[in-house]
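One structure, as structure tokens, below. Some questions next.
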Amino acid sequence: MAGIAIYPGSFDPITNGHVDVIQRGALLFDELVVAVGNNPGKRGYWFDLEQRTDLVKTCCAKLDNVRVIAFSGLMVHAAQNNGANVILRGLRALSDFELEFRNGLANRDLSGLETLFILTEPQNIFVASSLVREIAQNRGDVSRYVPAAVNRAIAEKLGAP
Amino acid sequence: MAGIAIYPGSFDPITNGHVDVIQRGALLFDELVVAVGNNPGKRGYWFDLEQRTDLVKTCCAKLDNVRVIAFSGLMVHAAQNNGANVILRGLRALSDFELEFRNGLANRDLSGLETLFILTEPQNIFVASSLVREIAQNRGDVSRYVPAAVNRAIAEKLGAP
Amino acid sequence: MAGIAIYPGSFDPITNGHVDVIQRGALLFDELVVAVGNNPGKRGYWFDLEQRTDLVKTCCAKLDNVRVIAFSGLMVHAAQNNGANVILRGLRALSDFELEFRNGLANRDLSGLETLFILTEPQNIFVASSLVREIAQNRGDVSRYVPAAVNRAIAEKLGAP
Amino acid sequence: MAGIAIYPGSFDPITNGHVDVIQRGALLFDELVVAVGNNPGKRGYWFDLEQRTDLVKTCCAKLDNVRVIAFSGLMVHAAQNNGANVILRGLRALSDFELEFRNGLANRDLSGLETLFILTEPQNIFVASSLVREIAQNRGDVSRYVPAAVNRAIAEKLGAP
Amino acid sequence: MAGIAIYPGSFDPITNGHVDVIQRGALLFDELVVAVGNNPGKRGYWFDLEQRTDLVKTCCAKLDNVRVIAFSGLMVHAAQNNGANVILRGLRALSDFELEFRNGLANRDLSGLETLFILTEPQNIFVASSLVREIAQNRGDVSRYVPAAVNRAIAEKLGAP
Amino acid sequence: MAGIAIYPGSFDPITNGHVDVIQRGALLFDELVVAVGNNPGKRGYWFDLEQRTDLVKTCCAKLDNVRVIAFSGLMVHAAQNNGANVILRGLRALSDFELEFRNGLANRDLSGLETLFILTEPQNIFVASSLVREIAQNRGDVSRYVPAAVNRAIAEKLGAP
């Protein structure tokens, strides 16, 4: 399909589930803008905005029509500033559903942009950044859930045990 | 966006919720194929396939890039036969979610076609063909939930009270 | 509270969960009209309308401000014909939620009547007429889930094992 | 209906969804007590208790049988101190359901007071104080979701951009 | 673990999701009784009880501590007649949850037997007999979802296209 | 059943719902290890690890095959260090479901240990440590929800009103 889609998230850190959505989204649109956000209402990210953005860039380096940006403020402004004409989101398990619905309607109210939802692969249904953080902070192995570059960044962040 | 999307359903009958998805979907794709299906496993439709298809055609007559077809058998075959490169579905309330997820993954397995989900307008969240049938069969007024042509077809079907 | 509430259902058969809602609803309103319905779209009841209504009457005999009626057609018409100014429904588990929401909004559209929902006692959360029918049809003991009169009616219906 | 209902919440800030419940609740009861609470376990409100209460009062000024109070401690004590004989809550989307169920049963255990749930208008289903705070803190327009007085209070709170 | 578990279902037909639960359950218990049931309240199975039982037997032939039985009537009676001291069920997606909860509590009421739930592999989360039937009846390929013996039985049942 | 099960949680504090799971779990396994955890990612427990562990020990004192331990770090390491060959969890309401599913699959990935879920008694479905904390911090009576020893510990912690 022609058109530019924006795929926003906090990517703290990017997981195999995110990569799955990015790879499949890149096949559907002329360009996919992966937008790494800073939510001012949120207390404390694990990785800072620069690190999160760099890791996303590393994981998307081979995808020609994917562009990675960082943003703060309203996501729909980042969408408009980057020429996106649709928002892309991955749907995983049910717990996402209502928040995604709420955000999708609010974003349409704020900007006129529609949100299109794509399905996550079943094996990634339960892979979430929060799960990765919990296991890694307890010194567990997260290499099944994240790209190799993220696994190395986590090991470096946590230092020698 | 360029590309052809297929929007399948049984449309028994088409409601304002369906029309909402069709109108907004038509803005997102070069062409939207509305595909009215006959599910062999289902017991008894209220309107037959020809009537359902005709009502959808009437309701979409003013939308230039919408084409209405009838199909039986696997939906993904109808999608492929009509050149669709993506499946469009509306997401309403939560009860849709798991069935849509299941069907979306199965359709990807069967055909490689992705399903993109679009949000229904909140005022249409609870508008469903089953609700329309229930109220109409009890001689209640369904004019809030269906296009005028459908309302007339229902009145005709039910005859004078 | 003053006012007349209608508590509609198919009561096929009435369970301890229904009785719980009726007893507590009767304390909240001047009068509670328990309305036993025949849904024309439904295939086959276990007990017929007269039996279902009689069993509800038996179970509510000691509640002075409870009146039991049978109805067919739209429930809101029965509500209006019986002077109800509000609809009462019990909320059990989650699976009820969306259907109740849909019906509540449709009934407000059709009649202006609001629906008020009351919580079911936890021990009755999973007690449903469908469960009673399934167990009884397999000759299991349902005496935990239904009033004694219903248990006798079921035994009589099923005959000697 | 006769009787006094209490409608508790944190109203941080009051939204069009709350106003919808208050207006419809006021038609159902002799008096509706809107109770603005301070939950000691909660970290940081956006507006303080006095501001939240004043905004609710402003938004309810034209409703004769609505009284607005502030409370801290257990809500059921506020209910009893204000003569309420029932608790009123709005049901929106599914995510509310289990928490409301839990609170409703606990409040019945603590006080004997029943909770009655009323349906939110579909267009308000996704309107929540948390959504308003998120958008406003990112300098987005929330005028669709809150009464004019709240919109002004937010603009004042956030100052010139 | 020592002990005999019963794993009941209608297996119409047995899928890879069922096989996954059986294989993993067989590792947890001394003996696993797979119980193929006939629910008198259900309208029409796709395969009859004998065919369903034979297919389950074929798929479990290499599992030494798995025994396959057919039953009708109450499942807990089959459990007791076969010496089971616990019921095993697989949990897939959310839609199973409430029905499983209801049945689990009812079975405890009826027999004192606890139900233990095991998680389905993510790739099997959306694999259900109903999906297999729908696709196969439309002449789609179900070989991803069922063991080879089931695939052959379906082809035979449907005959040449 | 033979075998050692681990039942992990934060037990802040232990409730009647936990005790119900422990009592029934103790009947199913040779030994049940109740494991009281410290999650490093969590902000602030109400009772510290020693108090929580002591209260669990007090409440399980009469159960011969129940052993209580405290742990930090990954739960699956505690499981392996204590010889557990299965993880036991109670399933309450729906809100637990997805988190439990996610954790169960992650724990299988990390350790090969399966999680078995047991149903909570309906009367305990809405009893949660968070509810107990909320009510107690507002000086409400929680004696319906916790064992007597916990009730005394809470009274002591909160001091004279």
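As written, the chain order gives the labels A, B, C, D, E and F, with residue 1 at the start of each chain.
In this section, a contact is a pair of C-beta atoms (placed from the backbone, for glycine too) under 8 Å apart; a residue touches a chain by one contact, two chains touch by 3 or more.
Just so it is clear, the structure is predicted and the values come from calculations on it, not from any experiment.
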**Message:** I need the common contact partners of subunit C and subunit E, sorted by label.
**Reply:** B, F
**Message:** So, comparing C-alpha centroids, which chain is the farthest one from subunit C?
**Reply:** A
**Request:** Call it same or different for subunit B and subunit E: same when shared residue numbers make up over half of all numbers used at their interface.
**Result:** different
**Prompt:** Counting C-beta pairs in contact, which comes out ahead: B-C or C-F?
**Reply:** B-C
**Prompt:** Using CA atom averages as chain centres, what separation in Å is found between subunit A and subunit F?
**Reply:** 34
**Complete:** Taking each chain's mean CA coordinate, subunit B and subunit F are separated, in whole Å, by 48
**Message:** If a residue has to touch 2 or more other chains to count, which residues of subunit C qualify?
**Reply:** 93-94, 98, 101, 105, 122, 126
**Item:** Touching pairs - complete list by chain label
**Value:** A-B, A-D, A-E, A-F, B-C, B-D, B-E, C-D, C-E, C-F, D-F, E-F
**Asked** Where on subunit F is subunit A touching in the complex?
**Response** 39-41, 73-74, 76, 98-99, 101-102, 105-106, 109-110
**Asked** Quick one: in the complex, what on subunit C touches subunit D?
**Response** 1-3, 24, 28-29, 85-86, 91, 94, 97-98, 101, 104-105, 108, 114-119, 122
**Request:** Using the touch definition up top, name the residues of subunit E that touch subunit B in the complex.
**Result:** 93-95, 126, 128, 131, 133-135, 137-141, 144
**Asked** Quick one: in the complex, what on subunit A touches subunit E?
**Response** 93-94, 122-126
